[in-house]
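What follows are several structures.
Look for chain A in each of the two complexes below; its partner is chain B in the first and chain C in the second.
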Partner chain A sequence: MHYFFQRFVFSLLSLFILTLITFLLSQVVPGDPAIVAAGPNAGAEKIELLRSEMGLDKPLTQQFLIYVGKLAQGDLGKSWFTHQPILEDLIRELPPSLELVIIAMIINLMISLPLGLWSARYNDTRFDSSVRLFAMIGAGLPIFWTALILQNVIGGELQLLPIAGRLSFEYRAFEGHTGFFLLDGLILGRPDIFFDALKHLILPAFSLSLLFTAVGLRITRTAMISEFQKDYVLLARTKAASEPRIMFKHVFPNGAPPSLTVFGMQFGWMLGATVLVEEIYGRPGIGRYAVKAVTQSDIHAVVAVVLVVGVVFLLANLVVDLLLYILNPRGRMDK
Partner chain B sequence: MKSFLNLTFFVKSPFEKLALGIVVFIILISILGDFIVPYDPTQIDFRGKLQPPSLEHPLGQDGAGRDVLSRVLSGARLTVLSTFTVIFVVLVIGCTIGIFSAFAGGWIDNILMRIADIWLGFPPLILALGFAAALGASLEAAIWALIFSWWPNYARLSRMITLDILSKPFIAGAEVLGVPLWRKVTFYVLPNAFDVLIIQVALDVSAVMLSISGLSFIGVGAQIPAPEWGSMIADGRAHMSTAWWVVVFPGLAIFFSALSFNVVGDALRRELDPLLRRV
Partner chain C sequence: MAQVSEKLNLKEEIILDVENYSVGLKKIKKSIVEAVSFSVFKGEIFGVAGESGSGKTLLTLSMFGLHNASHLNTGDVSFDLSKIIQSGVRVIQTKKLALRIGFILQDPFSSLNPSVKIGKQIGEAIYLAQGKKPKSIENRSLVYKLLSEVGIPDPENSYEQYPDQFSGGMRQRIVIAIALSQDPDLLIADEPTTALDASTQRKIIDLIIDRSRQRGLTVILVSHNIALLQATADRIAVMKSGKVIDIFDPKKIKLNELNSYTKVLFDGLKNVKKRSRTEQKQQDASSLPLIEMKNIQKSFASRILQRGGNFSLSNINLEIFPGEVVGFLGESGSGKSTLASIITKLSIPNGGSYSYKGQNVFSFKKSEIKQFKSDVQMVFQDPYGSLNPRYNIRNAISEALLIHKPDLSKPSREERIIQLLTDVGLDGSAMEKFPHEFSGGQRQRIAIARAMSVDPEMLVCDEPLSSLDVSTQAQILGLFSNLLKLKKIAMIFITHDIKVAQILCDRVYILSNGQIVEQGKTQQVLTSPRHNYTSKLIEAVY
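Up next, the complex of A and B:
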């Protein structure tokens, strides 16, 4: 229980610093936000009105408290350009991004874990060096460039997968309940929707995952190598335990936790990296929303995206840490 | 200190030698850049719009007829120099905070490292996007944004090294002799930290480079017509199906630089890292 409490306090502290950062971010905008928001033709009265409406005439600490109070009520402010509540925008934009990141994470795990384990088992063989070369190459490829090349070659030239969008043209009228088209396809019993949405996800998810897979693969491999060197593996071998048993029953469960922590962090990083992919593939999502907001200097919308990605990141880490704690009896014994 | 006697001691395989060669080549180009480019990288030539690679223009011409080879070459300067700027500033700030934290100890150390821990976690690209949005889109903004999001790495690392060094017997000896603090930092901590920091720098170059070109690609970094690799790709996107060279070559430049710096960083780590050697 002690650990749970500590971990929870750490998350709350992180949340506090996150809100502080986002608050300060919205403060350093060059120029007077009230003048910017009022537009070029506004008179002095209108600017004053907006200033007090936005709370800009109060001291900074008080403004921060107001900001936190509004956040607690789910009020992220209004977009300066669309004049829509940012919260509504984000609720609409988050599911497509999460869908993309989840698929990218599945690709990442499906490559990193088995390849990491196998290349650690066959450390210093030709197979291992080619896995390491793959990881090296993946870590050097710019996400946005890979996305463009794959889109043009596989989507454009070869026409194997759709180029852009979330669904094909014939499903353009489709509207789900959850915003997650894969989930909607399953719930409504529409396998055609499910597979169509999946086909549209493969290229963007793969481009997004490549860089993270390269890192995940390296970390898994290193963790597994040091696990294979431990005494219990030697013991298991002298007891003539079969190699698959050693790999999957002994080494993998013991070596996986450090890489799982990294995968937990990667979830948030991937959500941040959607800014590089979504626009290219013409997918709605918070990445594209953030890019649009930045180019329109809509600072509150950008700050809201920073906040939301930060919160998702904190949650993902919390879940992974608690999961590891529950799964690992050693941690429980310590306290 | 053997690194000063023989600068290439750490590259072993031909692959690593090639990578080191590319790294040296890129640094040379980023210094010589403007003297060796065949054309002015921002010179517009509408008659040469989207011309494919030819003898006069080996990498073709872009949407405004600018020479792609010249742009890729002088792009090395923008991309590499901004990457090194980020890393240098982050190194100085991060190490100052980290070493200070280690010497201070107690609650100051605790608070600084908690902040660094939390900061470190946040997705760097999205944090940089926030800073860039607040500062306005320009290459300088992107550089500042990355500095803001990158310092905790070095604070954590330099604190760890400093604590390790402070536990050594020679520090106790220095204590007895009354060696002043600044001497302890400059003559005891920094030389011992050099190896570990240089490895981290070599491994961070590619990550910073990818982030800078990524920020430029989405329009918050370098602006057209500045020949930055990321913004060149953004500029060439619209023509990609008809003129692949506008997008492919700057991308390859990013890829080969990032890959080479990674390979060199890995080789350095293998040869220098005391932690790895122990295992």
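Up next, the complex of A and C:
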């Protein structure tokens, strides 16, 4: 229990540092936000008015307190361009991206864990060499390039999967409750929606995950190889334990922690990389939103995205730490 | 091998028959173990002796398919009358044999799964061998029975604990319980006590022998310690460079029939001459101690504590006089290395006073620290780890000279290096070579030469022999004795080996749990110990 508490406090502390950084981020951006927000034709009075409205005339610490207070109420500010509350934008843009990242993560786990374990077991065989080759190629391909190639070949030439969007044209009017179309499809009892959304996710999710899978695979393989060399594996063999038993009951739980730690971080990185596939596959999402905000100098929106990605990153790591604790009941991280 | 036929006459049954067996490694197909033949009889304890690299582990593990990197070349092996290897091809798979063979491995710290309760690990073995479900009451009560049989206290509670909650000796007992749970016909123990302290070592060996005799088990006991095998085994096979050079019954040794190498192993340190009394520096009561420590304390945050060892020190008082050889004796975790690191100023104690030549070490100025670091030199346990692999020997030694004796000219530095190498039994040609081109013993010689290069007042040697083979140990010990004759130098010799202390040291400090429990003249302490712990150490020696 002590461990959970420690992790929780640590996450809160990280969250505080994150808000501080995002706040400072909005301060160091060059240009007077009030002038930018007022537009090119505004007079000095209008700018002054906006400045006090935006709280820009108060001391920095006070501005930070106001910022934190607003954050606590879920108020991320207004976009200076759309004049919409940013929270609403995020509620609209985050689910498609999260959906994409979760599916990409599932693909990542489903490939890198078993393949890593198997290639460690059959270390230095032809199978292992081909896995390593795959990992090397995967790690070397840029995400946007993979996305373009898959879109062209599988979506375009072979016409096996849709090339863009979240749903097919006939479902364009569909609106779910949660914004996660897979989940909505299930809740509303619409398997057609579920499968249609899934079909649209496969190519972007795979493109997004390939690079991360390659890294996860290598780390899993290395960790598992060092476990296979330990004497307890030999002892298990002398107990006449079957190979699957040795692999799943003995080696896997001991070799998984390093990979899990990496997967936790990858979740955050993936969210940051969604823009690359969202642009190519014409999907709405937080990545595209962020790029738009940056190009329009919409600083509040940019800060909000940074904050949200950071929070997701922290949450993913918290989940991983709890998983590690479950896998290692002795809490070996104490050492 | 006259003994083998002798035994056959007694019509004992053979459980393991090895004929002309050769095995190499996957990467180098050439045989490392070559054309080995021997038989093991039912119910006997068969010792396999040899120094590191002689192929004893490869031989025993590869026969049963438990050596991952091995590559069978030729030969036949039968186990209990059925062939398991025929002409270098495995005909019975490991899994079919596994239940009939119990294994005890060298390192108890890695031979148990760290994330599974020890009770469950024994239970798994019972389940796989006898089919009793892991969660059944029957299985659990068998585990309890085994735990108490191997001497684990409080089986009910121990069942629920994880390996890292046990000491090395206790873990080895758990491994023994796993081996016994399968009710095997043959028990293979590969250096089962090498990773353990001397006093634990004896108990574990006794346990293995006792339980095996009770059950009529056949045991193959692999060890580099021939004295241990002599005390326990019915027959001993001696291996050297992948060949079995001798098989004999230790109770009926005919010395003239033994290979000369076996005799070297047997003699071990026996023939190393003790430093004679006259050589031992007469301690002048009036002379100033080189080093004086009073009430030294050192404690660590609990995170550093591992493997049950408590490396903290309390209440250390000691004096070392110029030209004196002092031994620090104790088991692992007793704090001897921590003490050495304080003496060499590599770590700083939490309390107490420490003076060198009457001066407070903690208030040294920069120049004094430099002088101190040149006066006090160290020789480490692992000679390979302590030499930079990218430096040839000339560079390795001149580095120290350049720092501490910068005014030496190049030719005289060169001359000095050659002299040093000669002093330690090497010659000038060694200068151009790199550490990997030397054997372990030669590397230790180089490390000693390097330490001696700056004319130190004192040499601190931290287990300088323990990574070396017995025959090499004797040579390095001889080298130390010679050096002490040549130069007036004080020496601290850290060791767990009483025999080494007897040969070399004028005085010993016995350390246990971070305290000095006894001290005095070596002869006196080791012949009539006053402290319990000292007697325990002495009794544990084979």
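For the reader, a short list of remarks on this structure follows.
To be clear about the criterion, the second predicted complex is superposed on the first by the 329 of 335 C-alpha atoms of A that agree within 3 Å, B and C clash if a C-alpha of one lies under 4 Å from a C-alpha of the other, contacts with A are read in each partner's own complex, and residues count from 1 in each chain.
The working rule: a residue touches a chain if its C-beta (ideal position, glycine included) is under 8 Å from a C-beta of that chain, and two chains touch if they have at least 3 such contacts.
Every value quoted in this text rests on a predicted model; they were computed, and no experiment measured them.
Once the two complexes are laid over each other on the shared chain, residue contacts for A:49 go to neither chain B nor chain C. Once the two complexes are overlaid on the shared chain, A:237 sits against chain C while remaining clear of chain B.
Between chain B and chain C, B contacts the larger number of chain A residues. In the superposed model, A:299 lies in contact with chain B only, and not with chain C. Of the two partner chains, neither chain B nor chain C is touched by A:318. Look at A:13: by the touch rule set out above, it reaches chain B but stays clear of chain C.
Residues 229-232, 234-242, 250, 253-254, 327-330, 332, 334-335 of chain A are the ones that touch chain C when the two sit in their complex. Listing the residues of chain A that touch chain B in their complex gives 13-14, 17-18, 21-22, 25-26, 28-30, 136-137, 139-145, 148-149, 152, 156, 211, 226, 265, 268-269, 271-273, 275-276, 279-280, 290-291, 293-295, 297, 299, 302-303, 305-306, 309-310, 313-314, 317. Within the complex formed with chain A, the residues of chain B that make contact are 114-115, 118-119, 121-127, 129-137, 206, 210, 213-214, 217-220, 230, 233, 237, 240-241, 244, 247-248, 251, 254-256, 258-259, 262-263, 266, 279.
Chain C meets chain A in the complex at residues 66, 68, 94-95, 98-99, 101-103, 105-107, 110-116, 124-125, 128-129, 162, 164, 175, 178-179, 182, 303, 306.
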